[in-house]
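Common to both upcoming complexes is chain A, partnered first by chain B, then by chain C.
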Partner chain A sequence: MRKSTTSQPKVRKAGRRSPMASVALIMIGLFATGGVYALFTASASANTTAATSQLTTEGSKLFAANCATCHGLNLQGTKQGPSLIGVGAASVDFQVSTGRMPLAASGPQAEEKPAQFTTQQIQALYTYVAAQAPGPGIPSKQYLGGNGNAAKGAELFRINCAMCHNVAGAGGALTEGKFAPQLTGVSAKHIYEAMATGPQNMPVFNDQNITPTQKADIITYLKYLDKNPSPGGIDLGNLGPVSEGLFLWIFGLGAIVGVTIWLTAKAN
Partner chain B sequence: MTSTQSASTSAAGRGGEVAKRRSATAIAANYIDERTSISGLVKELGRKIFPDHWSFMLGEVALYSFVVILLTGTFLTFFFQASMAPVTYSGPFVPLKGVEMSAAMDSALKISFEVRGGLLIRQIHHWAALLFIASIGLHMLRIFFTGAFRKPRELNWTIGFLLFILALAEGFTGYSLPDDLLSGNGLRIIDGMVKGIPFVGTWISYLIFGGEFPGEQIVGRLYTLHILLLPAILVAMIALHLVFVVVHKHTQYAGAGKTNQNVIGYPVLPVYAAKAGGFFFIVFGVIALIASFFTINPIWNYGPYDPSPVSAGTQPDWYIGFADGALRLIPPGLESVIWGHTYSWNILIPIVVLGLFISTVALYPLVEGWVTGDKREHHILDRPRNAPTRTAIGAAGVTFYAALWAAASSDLIATHFQLSIEAVIHAIQAAAILGPFIAYFIAKRVCLALQKKDREIALHGFESGRIVRLPGGEYIEVHQPVDEYERWRLVSFNEYKPLMIRPNAKGKITGTQRVRARMSRWFFEDRIAPVTRSELERQSHDHH
Partner chain C sequence: MAQHDDGVTAPDDDAVHTGARTGTAIQVAAERDESPGIGVVQTDKVINPGFPPHNPRQTDLVPAKDKRAERQVAILFFLSIIGSIFALAAYIAFPINPGDFGSIRTNNLLLGLGITLGLLGIGLGAVHWAKQLMREDESVELRHGTRGTEATREKAVEVFTLGNEESGIGRRTLIRNSLIGALVLTPVPAIALFRDLAPIADPVYLLQHTMWKTGTRLTHDPTGVPIKASDVTLGSAFHVIPEGLLQRSDALEQKAKAAVLLMRLKPEDLHVSAGKESWNYDGIVAYSQICTHVGCPVALYEQQTHHLLCPCHQSQFDITQEAKVIFGPARRPLPQLPITVDSNGYLVARSDFHEPVGPDFWEREL
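Then we have the complex of A and B:
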């Protein structure tokens, strides 16, 4: 019984195919998929490389024409401008798309102005700079949605940012004519990039210092301030007691003195 | 038919009653008077005359703002928790949800966002406080520049000065109560100033804060001062201040029929009672209007106090600005270590300078009284130009104060006018030291020039702009003589001359006499004499 059952499949199997067939089949299948995959990915990477290299070439031309005078043809920097080796795509994107670079005039610090390049040109520039040496990249969209924790962000903002930018992001003075700019209306991407790269006189808050999630929280807080006007009415620039005092003396006391003059005016 | 009948009968009935008995008002008045003898007071106060001038109403503005502060402050005490016990915020303001803060801050936020009308009342309270002190300041300037502090009102000037200081204290304690980042930073500066006092500073700081700053006591302590002690003293002083105004009678400007012995104006009842009552509501209305439309002290932006962060643009409310400015103007690093003790001159010098400035303000009436040696009573106000040295001293003081005040906003001046903060500080340092001298000389010369012009107009009239050719061919411009009322205003003021140094009874010239003579020369050496009657008469004879 046992013997017959064991012998029967063996006979049948031997009759149908060689023992190596399945192995061969698997091998063929693997090679086929592997080959096709290799073929596919090879062509894809060739495409992106081509695109990147095209951007890099365009970027290098733009860089040579607009930036190299101060930053050097090899990004090595000159007496007029710092080296850009390792500043990363984020830094270039921030400086160029907020119009701070190219510099309009040398002064205490680069000031914001309308961007001088198109989005594509800016992309070419930062791709070129990032291709020379690694550095902080363009922030991922997941941190820019303004859907983090506003309370945590506000606390981080007060501790890390408010001493220069003011608690409500109204900006503030630094030494020698430098200043921390107002943060209302600044795009989430630029806020993130500024934190990651520390433009002008700002310190760098890298990912060990303030994690990307915490950066997203800070952005959430600033966007909350942008979206929600002051519950108390017109905010007088959020500048604190100075604008309140000025307002009171000019408009408050001014109105009251006007009334006193009216009350004591002689009837004509 | 029935209704008219009943009406007519009731009318007839009432007509008959009037003859028999007095009206309900009269009965009530009589009831009160028989038990309080108040009619004497009403008679006295009701017919009290007050002169009319807009600048006489500035003190009233201060009083009415204070009433507004008392009303709104009472409302706020119903909800405020003066405790520094830590709680976790769970109210509706999203950017503070789950943040740990003191119960004081939590309740201040509750007042702002959860109590119905709480934010409006808080804003009225704060705006009214700013107006209160601003109107006191303007009122003091009016008193100073018109010489209303002269005998017999020197004491009332001192009371008014104390009211000003009390108002500053009220303001600062109130500013510190919400325990937000801004108020905590303000307290930290006070703590620093206290600690800067040699030997005792640290001890006093520990005493005030009940341990190391910030401790857990300060809000409760400031609250007691803010709502109990200081308001009680304030109310008592205000009452005294007003009693003195009634006792001394109000001052008035020189004018037709106005003398040192009378007061020309309107009686309290009915004119001033109505005007003042209406004015209270106008002041309240202006404050309420500002408070409804303009944010003040957004504590929700500042967040709870934490000793580590300091926001850019951290300033005290305007009235403490001059002290903050003094700290910003003093050059940094002025410290010396003597026998193991650090002397922070960068704190001590501002404290001493501010102390001297404040004392000068308090004591000025005594100084001027001593220099002039004038023991007469003065109820007619000076026009500022007719007291050139006093006006110039006032201008110097205002300039010094303004420089210190501006320095408190040095960072905002730098950002908003695109300047470097160092340049702003240096410019204001120069303004604080040189500005008073420049202001003194300009003000004095302007006063003397205006007096000269007044003299010219009183004697020769004003230029009419009409050119007339005389029969002989001569062209003259016709001068129009001023009318008598105007001339009275122009010529009636006191003339002081420098005191002569006189030996005392023992025939000796004392050092005090010398100082006094020198001061007197400083005050009155340059002067324009008022036009005399004989000059006027001579002029009217040979006038064209």
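Then we have the complex of A and C:
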């Protein structure tokens, strides 16, 4: 490892950093797991190209073992899966860290499940895929804090997202067994990545369509919804007339029938 | 035992008391001798079985139960008092703070619970009282004719005759006719007012045309920023309004007709019919968002299957086949907006829609 590190040409900071420091940073980057994303991006940005090359190697092995059956050894895609050339790190991170990939079974759409890889392995995978062709990258942390304009975010959400995901983010049905998933409790990073990459049947909302600032506003709105659920009381799943109507038919009419029976029954 | 003294008198001539204990009002209507009509066989007539034997309630028989029911009714009324006071106290103790939605919920919930208890306590108590404690016996109230007595009828005629004589409305025809004329004309201003609630312009023209014109730029909803063809990457879906919409005073009415969904597919995926080759730009297509069924906004676009789903009645349109209806109640495909790019690379409309957007209407020709 040391040899490959020192043999790599340093792009910058070469004069200020000893080879030992690079190795130490690589070790931190490789082993500091624990799922803390903030820590992760910090170490990733601090890593040198050597770390990237290390990740790429690891990622290529992981890819060959877990993804290549469907997506092809060179990301070119097969009949079973689409090409991954140019999908970018954001797409891989979203699909793998929400557990949608690797696919458990073919069906109308890949569903969320516990992630099959560690954070470090996911980083290796997306670094590898992103190294093959450019694409949307991992979102910058400045857009994920939920400190945008919730009112503007709500307007953008109603225009661009609410038709599928429901105005309260409760999700909704699509055609032929597909559905738009619920957005409550989804992490800001995954919301951003989904907008930028358009996973599965979701359309792509690129930075010209919804700018990063606007994406941050939408995230702020969704985080606001998470913190302030349903001021009107029990939301019944936020599914509108379906669940509310069912509730009224069963409990409202049930109460009326019960009272009517009691009113007309003879006392004994 | 309850005595029958509440004014419900049984007609003595056609009702007899049978099968009931003496002193009760239980009565059985006697069979009539006269024929109720031609062709009805007298022996087929249903015999009035009368009332079943009277079963006294527990509260009538056991004084302790009577006492308990009395307490229950009183408790219900007390609960009502508590509920009303609770509602008032909650309204004061948990006020609505401006900007705090949670406070509205608490306030409304407690107020509602208090008022519900206040009203239900009275209602349930009254019913319980009537069922358990008030005098209970069965009775029949016979239906009476609605015709007034001769005296009442004569009196009514007399009042009208007197009114006519005193006012002279029958005699003074000038006054009578001018009054009728005045009354007939009073609704005329209302007719004119309500008529002008309709749009001044020809509604058929309004339904057939939208804001889109040759060269109108496609802009982002809601910002109104023009869209470049290069912004629309593969798989994208843009919500589009015509340029200049936001400056109009009737922006909402115009948006309801002119809203467009812009999508980019691979050009080879599009099956373009003859004459519409120039309507898309390098796989970028624009379709009306207004469903042709009943006008819901159709924007549930699936970028892999290229299906567009209407959330109201599940009509599905296939964008690769010029928004052909592939499922659901919609009858016609979504109208396509012909687009191209201007010299600066911005997407512009080639023309208005070539057919009316939205659902059917009487005068529609297409």
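By definition in this document, the second predicted complex is superposed on the first by the 214 of 268 C-alpha atoms of A that agree within 3 Å, B and C clash if a C-alpha of one lies under 4 Å from a C-alpha of the other, contacts with A are read in each partner's own complex, and residues count from 1 in each chain.
Everything that follows uses one rule, which is that a residue touches a chain if its C-beta (ideal position, glycine included) is under 8 Å from a C-beta of that chain, and two chains touch if they have at least 3 such contacts.
The model shown is predicted, which means the values in this text are computed figures rather than measured ones.
**Student:** Please tell me, clash or fit, for chain B and chain C sharing chain A in the overlay.
**Tutor:** Taken together on chain A, chain C would clash with chain B, as the superposition shows.
**Student:** Which of the two partners, first being chain B and second being chain C, lies in contact with A:C164: first, second, both, or neither?
**Tutor:** both
**Student:** Taking the superposition on A as described, I'd like to know which of chain B and chain C A:A64 touches: first, second, both or neither.
**Tutor:** Neither partner.
**Student:** Once chain A of both complexes is superposed, is A:L263 in touch with chain B (first), chain C (second), both, or neither?
**Tutor:** both
**Student:** By the touch definition at the top of the document, which applies to A:G233: first (chain B), second (chain C), both, or neither?
**Tutor:** both
**Student:** Who touches more of chain A, chain B or chain C?
**Tutor:** B
**Student:** Which holds for A:T175: it touches chain B only (first), chain C only (second), both, or neither?
**Tutor:** Both partners.
**Student:** Of the two partner chains, chain B (first) and chain C (second), which one does A:P203 touch, if any: first, second, both, or neither?
**Tutor:** A:P203 contacts chain C only, not chain B.
**Student:** After the superposition on A, what does A:L253 contact: first (chain B), second (chain C), both or neither?
**Tutor:** Touch status of A:L253: first partner only.
**Student:** Looking at the overlay, what does A:A150 touch: chain B (first), chain C (second), both, or neither?
**Tutor:** First partner only.
**Student:** Taking the stated contact definition, name every residue in chain A that is touched by chain B in one complex and by chain C in the other, in rising order.
**Tutor:** The answer is residues 155, 159, 163-164, 172, 174-176, 180, 231-233, 263 of chain A.
**Student:** Along chain A, where are the residues that touch chain B in the complex?
**Tutor:** 108, 150-151, 153-155, 158-159, 162-168, 170-177, 179-180, 221, 224-225, 230-236, 238-249, 251-253, 255-257, 259-261, 263-264
**Student:** Quick one: in the complex, what on chain C touches chain A?
**Tutor:** Checking each residue of chain C against chain A gives 55, 57-59, 101-102, 104-105, 108-109, 127, 131-132, 136, 220-222, 227-228, 230-239, 263, 297, 299-305, 307, 309, 311, 316, 327.
**Student:** For the complex, give me every residue of chain B touching chain A.
**Tutor:** Spelled out, the residues of chain B in touch with chain A are 52-58, 61, 94-99, 112-113, 119, 123, 127, 130-131, 134-135, 138, 181-182, 275, 278-279, 282-283, 286-287, 290, 292-298, 300-303, 306, 308-318, 321, 408-412, 414-415, 418-423.
**Student:** Which residues of chain A touch chain C once you look at their complex with the stated criterion?
**Tutor:** Where chain A meets chain C, its residues are 155-156, 159-160, 163-164, 172, 174-176, 178, 180, 198, 200-206, 208-209, 228, 231-233, 262-263, 266-268.
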